[in-house]
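Next come two complexes built around chain A: one with chain B, the other with chain C.
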Partner chain A sequence: MKNNIKQGLGHYVLYFLLPIIILIAWEWADIAGLLKSYTMPAPIAIVNTFIEYLQNGKLLTNIGVSLVRVVEGFLLALAVGFAIGIGVSIFPKFDTFTDLVIQTLRPIPPIAWIPLAILWFGIGQGSKVFIIFLGAFFPIFINTTEGVKNIDGRFFELAEVYEIPKQKLITKIVIPGALPQIMTGIRLGLGNAWVCVVAAEMIGATSGVGFMLSDGRSLSRPDIVILGMLIVGIFGKIMDDLLKALNKRLIKWQ
Partner chain B sequence: MGIILEIKGLKKTFEDKSNVVNALEDINLSIEEGSLVSVIGGSGCGKSTLLRIIGGLETEYEGEIIVDGKAVTGPSREKGFIFQDHRLLPWLTVKENIRLSLPEEQKNNDSLIRENLEIVELGEFENAYPSQLSGGMAQRVAIARALANKPRILLLDEPFGALDAITKIHLQDQLLRIWKEEKITMIIVTHDIDEAVYLGSRVVVMTPRPGRIKRIEKIELGTPRRRTGSLFTQERDKIYKEFFKETELPFTYNI
Partner chain C sequence: MKKLILGLSVAALIGFTGCSGATVQDTETQASQADAEVTLRIAAQPFPLYTPVYVAYEEGFLDEELSAVGADYTWQEFKSGPLVNEAVAAGEADLGFMADLPAIIAKSTGQPIEVISNVAYGEKGLAVLVKPDSDIQSVADLKGKKVAYATGSYAQHLLALLLSNEGLTLDDVESINLGAGDQPAALASGEVDALVIWEQYISQLVSDGQARVLADGTGVKRGNMVTYAVTDYAEKNPDVIKAYIKALDRANEVLSTDPEAAAQLVAEDFSVTPELMKQIIGNFTFSTDLTDDDIAEITKVKDFSLDAGIISSDVDIDSFINKSYLDEVHG
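== the complex of A and B ==
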């Protein structure tokens, strides 16, 4: 027991050591006069900006706007990616029918769609959700199909022996069998969605975390830029942690 | 007792691009209802293929397979099949694994599930996941799953092949007990001579290339059986001689 706590403590010390070293080095560089505040502000300047943005409400508004966009685009991608993924796995003809289009669209980075998205949907919510959807769709779709492909074929033989009807076959064998890999797709998809919202908001938006970044640049306020970047990083990590926890709960048989 | 399984003039060939393999040739066999028949042979003698054809898992062959008066056209619950691996779905509990296998009208019959788990002495494991069971326990669940579907005939394809020797012996005894209590016709395919003799009232000896039935040996041992003693050894030696020349016989002694 004692040993465990010691190990646990050691683990956390190690875990937070590098960020602390970076902060100290950063602060020291500032004190030593190596940083110019208009290119690289000190940590304390970022903390001040954080408090300022928290108080004037800009921080939470921008985070909220970006989160809503991510959730909308991601959920849309999840529904469509999962449905089409299962569809092509079960109906080979549907697979053949859609394969060329899907595989040709796949290598196009979602960011390359931004000009077209702005022409089609303007700079409002629609274009962001569209870009996020594209970013999240492919990992979810591809991992769903791969997940079904990797299910042990012997389970299908078992289903024949016990005359399991097709609907039960899908809900009790195909979906749970593919679930671990679908969850991987979901994690990659959500990661991509978060990357895409920042990119889309940087190019054409009037709000959101990505907008904070481009706004900070045009105001020559690197502290705002860095604050925005930190928020992107921290929220990305939190979302991934939540999905990891969900993964553990959903796949409790392993 | 009547005949439950009739095989007439069965022939099975596997073809790939370059050659044709005669997996089974001229197989004729009839099995009485309620009997326990072992099928033994070395690897490649087609014993598993034979069982899979009876089970309806292989449907391309020449000849006739009649189970319970009907020609076999595919797998069905009537022909319970136990694979070498337990084939439990890892994401379902023991109970849900059995429930999934049941026909629609029995889906909510929890007492049927429990009853069959008790037959294999695993009543208290109904909520366990397969990963929490040992190999032998998982195979017993697979047997319970098959039994819950009230098969007319139970086909076992090297069911204990992947288990350690001690577990294997326990499961063989349990299988014999189930056979006596449930009175289900069973065909067990094995490559283990002791197992074939210990379990079967008849032992079908097969030889490879092409897979044929060499002889069918009646085993004159009642149940319960003893694995030691001269009667068992005598019966076993008869089967040994089908595979090895006299001089190659492994050392045995009679009391």
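== the complex of A and C ==
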């Protein structure tokens, strides 16, 4: 019991040690006069900006806007990526039919779509959701197909022998079998969604964390830039943690 | 973004015509320039607001004046003042010219810079544009509309001023941070309802029938353009700073005696026709002098920006504006 607590404590000390070391080194560098406020502001400047932006409401508004965009784009990508992924896995002809287009579009970075996205969907929500969708779609799609491919072939043979209908095959064999890898795809997709929301909001946007970041750049305020970066990092981590927890519950047998 | 413009070779082309033996296209001339004791790294902006610097550049005045004090220069172009600030903060430029607001922002955030000369001012050099058929008829109509401008540029200040005259603030419009070069397309496609933009775009868009002026700086904003230098660099190389001022003075002389020739010379730098360039030149007063009026205006811009929350810490005008180099040149 005692040992357990000790172990737990040691774990958390180790877990938080690096960020604390970074903070101390950062603060020390500032006190030692190594930092210029206009290139690398002190930690306290970030805290002050955080409080300032919390008070004037800009922080929560921008986080809210970005969060909604991420969730919308991600859910869209999840639905489409999952559906097409399962589709190409169990219908070889559909795979052949779509392969060239999907594999050609895949290497194009979502950021490259921004100019077109603005022309097609405008400066508001639409273009951002589109970019996030592109960023999240491919990891989900690819991991879904790979997940199905990695299912032991004997399951499919058995299903054929017993003439199990396609619908049952999908719900009882394909999805449960591919789930671990699908979850990996979902986590990668969500990570990409955050990357894309910031990129999309930094070009032609009126709100969001990325907009806040580019505003900070234009106003020569690296403290705002760093605050924006931290927010993306922290929210991305929290959402990934939630997915990890969900993963554990869904895939008990692992 | 920080692409090194062909400037160097152009400078060589123009500046070394007097030098015997130096073939104009020869990039080796740059190597011989490297013998100079000190280099002035200029962060430029290709807009007619800075016509005197471009005239000095194209006429070879910069070359002549700087080489007279044993210096040479490099020339990098940026699309807005905030981007110049960034280059200077990163230690990649020693001198930049820009409008009042971005220079104030740089000083406010602690960059060690000082204004060493004026470049120009002109109330008509900056304007809010809308489509000719737009139903926006007054500044008050901008409420709730999408307005594109370069955040941190002096366009932001004009918009804030115009809005405040109507009892509105920047928060009453949907601001979109767009570089000047991207704004005309955004207006044309209907992505934004209005632009706040400077010359050459005003004259271009209006003469093409793509936009009309909703309001400009007349009676609202004098619109000063200034040159700032990194304080430390200026203190170490006062002669270089003075040479720069002299080159600008010579350019202003050309601009006042022969504006047609000046327009011809720099029109291409701003991608406008010489005729349009001449018209644009008429919208500005070009002078290196920092008069009491200029300083009062800059102080006003600073106070307003602080109130409007565009800057968060105050700027001491005395340490921001250093007239000593100007005074020595002008005697």
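FYI, the second predicted complex is superposed on the first by the 250 of 254 C-alpha atoms of A that agree within 3 Å, B and C clash if a C-alpha of one lies under 4 Å from a C-alpha of the other, contacts with A are read in each partner's own complex, and residues count from 1 in each chain.
Definition applied: a residue touches a chain if its C-beta (ideal position, glycine included) is under 8 Å from a C-beta of that chain, and two chains touch if they have at least 3 such contacts.
Bear in mind that the values here come from a model prediction, so they are computed numbers and not experimental data.
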Partner chain in contact with A:L219 - chain B first, chain C second, else both or neither: second
Which superposed partner A:L179 touches (first chain B, second chain C, both, neither): first
Touched partner set for A:Y15, first chain B, second chain C, both or neither: neither
Which of chain B and chain C A:L158 touches, first, second, both or neither: first
Chain B versus chain C as contact partner of A:G204, first or second or both or neither: second
Shared contact residues on chain A - chain B and chain C: none
Of chain A, residues touching chain B in the complex: 154-155, 157-158, 160-164, 168, 172-173, 176-177, 179, 251-254
Residues of chain C defined as touching chain A within the complex: 80, 82, 85-86, 89-90, 105-106, 108-111, 146, 150-153, 174-178, 182, 186, 189, 191-192, 310-312
Of all residues in chain B, those that touch chain A in their complex: 55, 57, 74-77, 79-81, 83, 85, 87, 89-92, 100-103, 129-131, 149
Chain A residues touching chain C - in the complex, by the definition given at the top: 36-39, 52, 118-119, 122-123, 204-206, 211, 214-215, 217-221
